[in-house]
Amino acid sequence: MAAQGPQVCLEVRQIKKYFGDQTVLRDVSFSLPAGEILGLIGPNGAGKSTLFNIISGWQKADAGSVFFFGQEITSWTPKDLSRAGLARTFQVPQIFPEMSAWENVLMGAWLPPQSRPSFSKAQEEADHWLSLVGLLELRHTPARDLPLAQQRLVELAQVLATRPRLLLLDEIAAGFSLGAVKRLAAGLAKLRDQGLTLLLTDHLFNLLEEVADRVLALDRGEIIVQGPPAALIHHPDVVSAYLGTRCGAADNGEA
Amino acid sequence: MQRIRSRPGPRARLTVWLLAALLCWANQPLSAAQEIRLGEIDPLSGPLAKHGQEIHQGILYAVEEANARGGVAGHPVKLLSRDDQSKPDVAVNQAQDLIFRGKVAGLVGGYVDSLVGPISQQAARHRVPYVASASLQQAFTGNKNPFFFRVSCLEGIVQPLCQFLSQTLKTKRVALLHAATPGATEFSDLVQADLHRRDIATVLQEKFRPGWPDFSVFLLKVPAARAETLISGGFYGDNLILVRQLRQRPLGLKAFIAPWGVAYQSFIDEVGQAGEGLFGACAWSPGITQPGTEKESQELVAGFRKKFGKDPNTTTMHGYTSARALLAALETVLQEGAKPTGEAVSRALAKLDLNLPMERLAFDAHGDPRHYQQVIVQIQKQRLVVVYPPERATGQVDFSLAAR
Amino acid sequence: MRFPKPLPAAAGVLLLVLWPLIFPDAAHIQQVLGITCLYATLALAWNLYALTGAISLGHAAFFGLGAYASALLNHYYHWSPLLTIPLGALAAVVFAVFWAMGFRRLRGVYLGLASLAALEIPKTIVDNWDRFTYGSMGIMGLDRLPSATLGGLQVDLGMDLQAQYYLLLGIMLLAVLLNLKSIRSRWGWTLRAIRENETAAAALGIASNRERAKALLLSSYLAGLAGALYAHILGLVEPGLVFNLHLSVLPLVFCIFGGSTKVWGPVLGAFILYPLEQLCLLPLFPMGHSAVYGLVIILTIFFFPQGIAAWLPRAPKSA
Amino acid sequence: MWVGTPIIFSGLALGSFYALMALGFSLILSVARVFNLAHGEMILLSGYLAFVLWQFFQAPFFWLLPICSLALLALTLPLHYLLRRLPEPYGLNSLMVTLGLALLLQSLLLAWFSADYRLMRLDWPAVAIPGLDFSFLSFQGLLIILALAVTAGVHLVLQRTFLGKALRATIQDREAAQVAGINVNQMGLVAFGLGGLLIGLAGPLFAQNMYLYPAAGTEATMIAIVVTIFAGLGRTRNILLGGWLLGLTQSVAVFTMGSKWRELVSAALLLLLLYFRPEGLSLKKER
């Protein structure tokens, strides 16, 4: 079927999540057109990771629903979501510690049951994605021996190798140097141009500023502002959310 | 991929070569000499080690006794002992090893039926006589194996026990507790059936796994079932606990009787006062011996004490008796000038008639002992007193002591 | 990927196949090595499940169920052991199905401990179902492995130790092959991924519970097979013998000693430790053998923390 | 007398015995990640020491407890140094080493003390509860009191001291504890030390409640393992609760169903518990 205009890749409707009597997410809704890079910012505890976990199936929402290319995926398991083409990375990179960097990426190319590529094809893929993240020369290093930032890149290459349609990156650029952030941003932009949809969180703003088409600012479980990154970066609500939480000032909390 | 420690150093290589050398060396056949070799397989370690070691000492004593007398028809006897670790595959391995590498003239020992069984099959297959020291089950000698003999059987315990219960104790209701092992289970079933024929009701029959620390709750059920006599088919250690817990609360029992464990001086020493009045069964004990073997028995106790620093007991004697049987058969064959082949020794064993301290030893067509009969003893003033059968009794049953 | 040099392995296999022909009289060694093959099969079975990262302490349950099912079929229906052994091993698989369902959520130490407890269930039932299983008495006088005619050649698997050795060796090599397939295949890497990081595996779309269950079913069948063979080789079963904790610990010891997650590790472990104990330590030290055995284990772990198989020549990785 | 009274009392005493056997094992497992298969043999060692002191020096029972505790402390500390030298995979390697140690100790015990069964024969007066037609052995009472006291002691150490906080942090998340500046190795040493004291304490109790023979260690290790599963790792109070639950269940099972179902009932209980609470008895699930 020929889509009219941009297809909606991900739609999140009225997600609610409580931990005990604490509300972590209240009625979060947004939609992400295919081929867009959407950023998600917010201070610590704003609910970014919880939202990510709910979308990718690692946590259950207490209310609301999630749609992926029109299909409801609200209570799917991570494994089923991965098979459907929704991939993610984690704040603490989830890789195979005893395997080499290259083997890690190979796992992404070779193992996913939905594609079942041949071994030689998977090897080529692994080379391709590993070189894309710039770690080809470290291919034989056991993943556990890599610094955290490079482990994140290995994880990125690994999930990219599964050929997802939507990729969720959770603070992928944490601990990156400025140059590395720029390279990563360029790479992500290229992927977007090839048709990948991306949802990124960033604690700080550096990566989103480079690459996001649109940014949502989350605070205390609610989307407070959204718009292009340049407009958000100095938005008073965003600034106060960051400052307020950081300083923990009570008067800001009441406002 | 370079992993630290993935390649062992020279020390490690050395270990491997040493292991290999040890293996190769172990496969050298033992040098053959003029001596006669006997093979022994017993549980020398693990949970059954106590009785395994006792049998071992009995066998060892018999062999050394024979050697002190100048050997068997002039040939020195060498004993090769093996531990079966209470596992049948190990017993088979060791039997094979003894037969092939040790070139033994016969096998002795064996404490549990599931281990005696496989050994006896090896004996039949390789035509080597095997005299089992402590085998009980009946199923065992069902199919004829001309190379298998044993010096004990369950009947020799069950018969006197049940007769004692009906004739002397005149009990009407018994509770039966037994260990979850084949021998003890068969014992329990046989006793139950035998007592049934004698109009004695088994009002409680339970089994437990050996090594249980707490019988107190089971004991609560004994008076509830109005049992008069408690028969324990548990082993030595279980009886230690059972007896101690028996003393805690009066159960109104007429008697407590256990075929295994009680009739040992060491048991009496361990439990002390709590042991007074208990009944047990034994085939032999220092001071309790087959009529006509008193002198031999005393010499044996003295010699044994000198060698091992302790008294022999009924288990030791099972080992001793089995070794004596095999040695006697070997002597018969050698004195006739024949080669001690398996067939010849087995034929001699079948014709054997010895009066040994533990029993008058002669085998029937199945290899079972014809005259094996244990006596019932009671602990009185820290001593074992034979109370049944009447012809061997050394004292009277003290009913007041037995009641608890 | 690893492409091992096939040479040492092939030489080893050739040695195992040929030595009885060179030393035809060494029946006791054939006996011991035959049982070694049996235990190596059990260890390989254990290892299949361990490839998913699970340390089982309940494999004696599979061993015992295989042994009892085969023994009961043989006892009641008088079927040939050649039929009852592969059928009896299925009883272990049935138990494995319950295991896979019941222990889905357990990992690590808890799984090990739960499997240890699970051993009690078949054991106690078999021990107390007197009418059907003969309870604690066990069953004696099972049929031996029968003689078979292979291409005009009559081989007596029950009595001829050499034939028995070759049978057990063959079954062990099949188990090795299965391990080989399960390590060096796409599925093998799936298992490895589950072992190393279950979260990451799930993120790649791997159904870890299903793959783990598959490995367990295969593993249980092999372990059941070993148990069934054991019953007919010895001609008897008894609850205390075939549901013995020692049978759960044995594969663990062989695998860690030899090197788990390596194809030849369990085999090496079994072929070093069992003959060492049976052919050297027991004859040499009838009393103190377990002290020496314990020392050997301790020292080896200090020298070969990755297991003996780590010492084998390893091929460089090819891209 | 209500028939349940002695059953419950027996169950509690038995459960207290189980808990006392398991405390050292659980502590070493949860802090130092060593699955100590030589646990039972170490208890036996302490038990034999108590036996020797009792037999040849007529040492009173209450002296035996501290002496044996200290003696085992002197044994577990070197063991910790030995195990610390083990490379990865640490868990499995330490399991194997302690298995080897168990075999070694068993042989040594067999050589030193022979295979005979030994019993510490002490007279424990019966205690009657006035008003109730019920009496019990003072040793059973002692088991219950000791279990309560030791559990409370360990609990206090873990909850109220700085060291205990560090220990708990190590139990909960080893890596995070390390990041927070806790010397995990030192915590292992502390665990082995405390564990040694507890194992030493268990020895005379084992010798008194059961009987000594060189192969008895396996039984003690099994008890420790089973109670530890009941409790879940690192929860001292639950060790006692788990022990009691196990002891009571077994006593009730023996009374109502018969001795032969004892193992099945406890195994079934254990598996049900693990099915519904994979982390053991602990009420809070760790996230």
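When the chains are written out, they are named A, B, C and D in that same order, and each has its own residue count from 1.
Rule of thumb we're sticking to: a residue touches a chain if its C-beta (ideal position, glycine included) is under 8 Å from a C-beta of that chain, and two chains touch if they have at least 3 such contacts.
Here the structure is a predicted model, which is why all the values come from computation and not from measurement.
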item	value
Contacts common to chain C and chain D (chain labels)	B
Nearest-to-centre chain - CA centroid comparison	C
Which of B-C and B-D has more C-beta contact pairs	B-C
Centroid comparison with chain C (C-alpha atoms), farthest chain	A
Centre-to-centre distance between chain D and chain B (centres being mean Cα positions), rounded to whole Å	34
Chain A and chain D: spacing of chain centres that average the CA atoms, whole Å	48
Between chain C and chain B, distance of the C-alpha-averaged centres to the nearest whole Å	33
Length of the line joining the C-alpha centres of chain A and chain C, rounded to whole Å	45
Residues of chain A whose C-beta touches two or more other chains	100, 140
In chain D, residues with contacts to at least two other chains	87, 106-107, 110, 218, 260, 263
Touching two or more other chains - residue numbers and ranges from chain B	1, 5, 45, 180, 207
Chain B partner contacts - residues on chain C that touch it in the complex	25-29, 31-32, 35, 127, 135-138, 140-141, 159, 230, 233-236, 238-241, 244, 246, 272, 275-276, 278-280, 282-284, 286-287, 289-290, 296, 299-300, 303-306, 308, 310-311, 314, 317
Chain D residues touching chain C - in the complex, by the definition given at the top	29, 35, 85-89, 92-93, 95-97, 99-104, 106-108, 110-111, 218, 222, 225-226, 228-229, 233, 260-261, 263-264, 266-268, 270-271, 274-275, 278-280
Chain B-facing residues of chain D, complex	3, 6-7, 10-11, 13-14, 17, 87, 106-107, 110, 114-119, 121, 126, 135-137, 209-211, 213-216, 218-219, 250-251, 254-255, 258-260, 262-263
Touching residues on chain B, where the partner in the complex is chain C	1, 5-9, 11-13, 15-16, 19, 22-23, 25-27, 44-45, 80-83, 87-90, 92-94, 96-97, 99-101, 114, 117-118, 121, 125, 137, 139-140, 142-143, 180-182, 184-186, 207
In the complex, chain B residues that touch chain D	5, 45-47, 49-50, 52-53, 177, 180, 206-209, 211-214, 216-218, 220-221, 224, 236-237, 240-241, 244, 248-249, 266, 270-272
